[in-house]
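Per-chain numbering from 1; labels A, B and C assigned in written order.
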Amino acid sequence: MSRRTLTIIFAALVAAGVLAGYNVAFAQDITADAVNLDQSTNLIWMLGAFLVFFMQAGFAFLGAGLIRAKNTTNYMTKSFMDFAIASLSFWAFGFALMWGTSALGVAGHTNFFLTDDGGGQTYVDFVFQMVFAGTAATIVAGAVAERTKTQSYLAYSFIIGAIIYPLYGHWVWGGGWLGALDKIDLPAAADYAGSGVVHAVGGFIALAGAAVVGPRIGKYNADGSSNILSGHNVPYVVIGTFILFFGWFGFNINTGDSIGLNAINTLMAGATGSVVALYIQMMRTGRMDILMACNGALAGLVGITAGAAFVEPWSAVAIGAIAAPIMMASVVFVDRVLKIDDPVSAISVHGTTGLWGLLAVGIFANGNGGVEGLVVGEGLQILSQLISVAVVLAWALVTGFALFLTLKFTMGVRASREEELEGLDLSEHNIPAYGEINLPEPSGADD
Amino acid sequence: MSRRTLTIIFAALVAAGVLAGYNVAFAQDITADAVNLDQSTNLIWMLGAFLVFFMQAGFAFLGAGLIRAKNTTNYMTKSFMDFAIASLSFWAFGFALMWGTSALGVAGHTNFFLTDDGGGQTYVDFVFQMVFAGTAATIVAGAVAERTKTQSYLAYSFIIGAIIYPLYGHWVWGGGWLGALDKIDLPAAADYAGSGVVHAVGGFIALAGAAVVGPRIGKYNADGSSNILSGHNVPYVVIGTFILFFGWFGFNINTGDSIGLNAINTLMAGATGSVVALYIQMMRTGRMDILMACNGALAGLVGITAGAAFVEPWSAVAIGAIAAPIMMASVVFVDRVLKIDDPVSAISVHGTTGLWGLLAVGIFANGNGGVEGLVVGEGLQILSQLISVAVVLAWALVTGFALFLTLKFTMGVRASREEELEGLDLSEHNIPAYGEINLPEPSGADD
Amino acid sequence: MSRRTLTIIFAALVAAGVLAGYNVAFAQDITADAVNLDQSTNLIWMLGAFLVFFMQAGFAFLGAGLIRAKNTTNYMTKSFMDFAIASLSFWAFGFALMWGTSALGVAGHTNFFLTDDGGGQTYVDFVFQMVFAGTAATIVAGAVAERTKTQSYLAYSFIIGAIIYPLYGHWVWGGGWLGALDKIDLPAAADYAGSGVVHAVGGFIALAGAAVVGPRIGKYNADGSSNILSGHNVPYVVIGTFILFFGWFGFNINTGDSIGLNAINTLMAGATGSVVALYIQMMRTGRMDILMACNGALAGLVGITAGAAFVEPWSAVAIGAIAAPIMMASVVFVDRVLKIDDPVSAISVHGTTGLWGLLAVGIFANGNGGVEGLVVGEGLQILSQLISVAVVLAWALVTGFALFLTLKFTMGVRASREEELEGLDLSEHNIPAYGEINLPEPSGADD
């Protein structure tokens, strides 16, 4: 069966890596550890990595809270396993493609399975990079929740960690062409911690995935209007957001004198995003919508990610304040115009706002690190940022659609109607999330 | 409407800050970043700040667990937004009042909107201070839970971050008069991490808020006896306490040789508080009461906060052991004598025990940092601590009552009887916390 | 009553420690603080300790999710209080037995109540050690869940922190005989962060406890076959696992150049363990079992704990991949052969896999720190590891059975049939975990 085949292929790959590592480790007598590392700098990167790892728990809570109880075990499974699988594929292939010696600025091609170069500094870098790859991977889980086959989702997780995330990452951070735009007299495209590399990539692959999988049963009516399929647990959403916010201090961390700047920018943008989203929504509906406020906080955080080290705190307030309405408009656009069903608004929070983050650098960068936005510079940076926006959008959509369409016509991506109505927890896992609580009867609703 | 007016005022303030920042950033060509910071020291403060930020998730879980399900979305909204709003008002006004150049020891008056002085070190300080302000703000949420209008609560959040917290903070930490008692031949009042500045301020504003808002429907009977309105989720309470305990290591963090001392004191005081509270309660009722043990842990932690750097570990055990019965007596006093309805015991855990923390420094301080308690010194420190206790009590109660009474006679502070019986989740938010679970029918009970 | 007697004894012990501390602190004029500590090294150990502390929240969530709702308050009580009590007994006795001056390599005998030697470095060490003791203690809570008297469990917590954990710890880490096997021409037994010292000790005491307490009502049928008593909350399990994984970066932390190596090994072993467990289980049952995947992650983490600093990343993948099936086989063995009822699989995840972790060092150690496994060395290390396996197994089982049998014949360890059927939350605490939700009626089932 395809399941068994995939399992065998995967196991063979891992075994190959282990064996390759074994051979290298003892054939070449690695001495890379001789480098004397700066302990406090390494500690900063490791603390950052630990916090970013913990964001996985935030994504798990947030997404679980925003979906229905009958698919919670399923979502939790995807949210947990995508990180694990993407970690393995990033170790096997992704790290090499992203951070290996560059071939023509397109892709790295050394250090597969971490066998060419090890030692303390590389390991520190590796862990930090690996948790970022895991973040990009898990962003998609929410957008395709409640109706996607788990096996296909796990196959996707492997590919994003192995290929999709690392290649764009190579172009921006790993020595590739977007970081070398100076050859055509433009500044390098700047993306401090990944508004584009992580969030826009994840967000637009999420769009492709949600579009290919199609909307949940009952989401859209015959006349094209859409229904709200409410989530089942508000505390999970709020705690998930707090955990993500906490982890974001690691995501945007910096060394030396700038550690405070990055933290204050992160804090201000997130806080402002939540306040602005809450009040806009209150003016629209007269209600205090904490779910929108949480998405507003996340939008502010995604928005500041590219510029965390390059802007002043007042700019972080502005970036967060603008990120919230952009996210909110995107939610309406995705739902009503594109008619793509995104249960957790991942496309808008991570994708659309990720693009805003890239642009914001071109506007607000104050010259830190040589990055000059419109407020101080000649305006060339924003051209590089626009190129970056176009490239990430094209890359994520093209590879996202290619991947999910391939999965659709091979393994299949969509659970059956019966499975979906019953809930994936029972049909795919036979493990109800809350075995002692009676949930509402499944219904086909307006479908 | 008042809602729209407030929104506009707030947006105008934020916009003013952004514009002010813009003007300053580029008119003055800031060079403050030139200071070369000690990276590992800054990392310690940032780690501390991140952990204190995460305490917000602890407060959210703890409070949600201790209230009824029908008000959980509402509590989560307050618990999330108070931090965000207090962060913005602290940025706009609070940081300047607390840490700006002091005018006569009463208030700082420079660096509004962070426009007079920026750069690495200031940003590190700012983030650390901001999360403390956010902690003081959120302490109140639990005490006024289940019956307070959200809009009024958010207005309160703005004021505590802008004025109330920073002014007392200025007096103790920011160069104000309580830190300068040496002019009258007393030692400076000592409060290492804020038993007074954060917890007693938050706790006694909570008392004022809960008194002005009045008890929940069904809490007190006609004969004055009180009912227990049980919370809805014990795991949330325990996990919330664990998160707070975890964050407290950041709250009480120290640099250099003392980092271990502060951590051990924090750990021992919290552990002892929980054990003592559990056993006292078991002797009273014959039951193992984990809710009381959690509050005992928090009482121990609040109690050690002022002295974390100034006492020996055995003293931390003693401080925690004494904090628990003080908190327990206070819970009874608030409920039966004052007849103030505090659903989460915030007044006793943070307020009363915060005062004990200030006093404990005067008793147990061992000479570290020049602070000498009764066990080693001449006993003058305890006079300064008593002054500090009197001042924080007066300040928090006066400003707390002034603020909540003002809100009461302007915006109104109390939800209507119908809203309260239905639960604020539906009446204010239209978002049930657990949309798929049937909760008990609302009732007016003994009221 | 015994309850009162125990309470008085315990209070007397704590009071003795406080008094002893008081006398020492001011009789001896401690000057140990004069040592100038390396701030960033201390920060690493403190960060590690904070993260390990936070694992308590992970154990609380994980175990609560895997048991039935009617015993959740009870489990939370044990999971919270065992840490607090073990911290106090470790402070009073454990730290001295483990880290005091060694008497013949068998036990330390100085620094009871931390009264012989204080100061910055000792305090840093102390906190780090104390949270490890707390981890060993709490491992047992899940294995004896749902039917064990809380008072007996708390008595156990005191003893493991005071005696059982520290003595074996002394032998391996504290200057005792297992760390000094060179006297018989063997390398010292290596256990970097406690696959043996923490996990195997906790896991096999858990076996003894679960065996003495006996299976839950309804677990085993008259014909010896076993039933699955499903847990009540899958999200708690997954979030608990994420928190534990996050905390494990602190558990396995290292200084200097090796900080990255330990983190990558931790990450790879945990990720691989979860993937392997998921796919093996899928081949067995055709279902995606996230509960097994979570245990697989934990098995990988336990497995890498002894060797985190001594192996290459490819070895961590191999160790994690092997840990998962070992854990799974052990689960079957414990359930079907030993017929010991372990609701959370603590015996297999921590005990059996802990032994694998010790052995794995003997196989995969690459020479770091002078530890040479079969892949590089002469093979003597594995003999030391085998000795270590035998000793930890014997020590944990003998002391575990002695302790729980003593408790059984004095205080009693088992709740009554009526209490167990009703659920311990009501019978021992009178605090339902979810007071507003109707749970299924208790039943005696197949019993």
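The working rule: a contact is a pair of C-beta atoms (placed from the backbone, for glycine too) under 8 Å apart; a residue touches a chain by one contact, two chains touch by 3 or more.
Note that the structure is a prediction, hence the values are computed from the model and not measured.
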Once the Cα atoms of chain A and chain B are superposed, what angle does the rotation have, between 0 and 180 degrees and to the nearest 5?
-> 120
Interface residue identity across copies chain A, chain C - same or different by half | different
In angstrom, rounded to a whole number, how far apart do the mean CA points of chain A and chain C lie?
-> 34
Multi-chain contacts in chain B, i.e. residues touching at least two other chains, fall at 40, 43, 47, 437
In their shared complex, chain B is touched by residues of chain A numbered 40-41, 43-44, 47, 51, 68-69, 230-235, 238-239, 241-243, 245-246, 249-250, 255-261, 263-264, 267-268, 270-272, 274-275, 278-279, 282-283, 287-291, 293-294, 297, 312-315, 317-318, 321, 366, 375-376, 437, 439-440
In their shared complex, chain B is touched by residues of chain C numbered 3-4, 7, 10-11, 14, 17-22, 25-26, 33, 35-37, 39-40, 42-43, 46-47, 49-50, 53-54, 56-57, 60-61, 64, 72-73, 76-77, 79-81, 83-85, 87-88, 91, 113-115, 118-127, 130-131, 150-151, 236, 425, 428-437
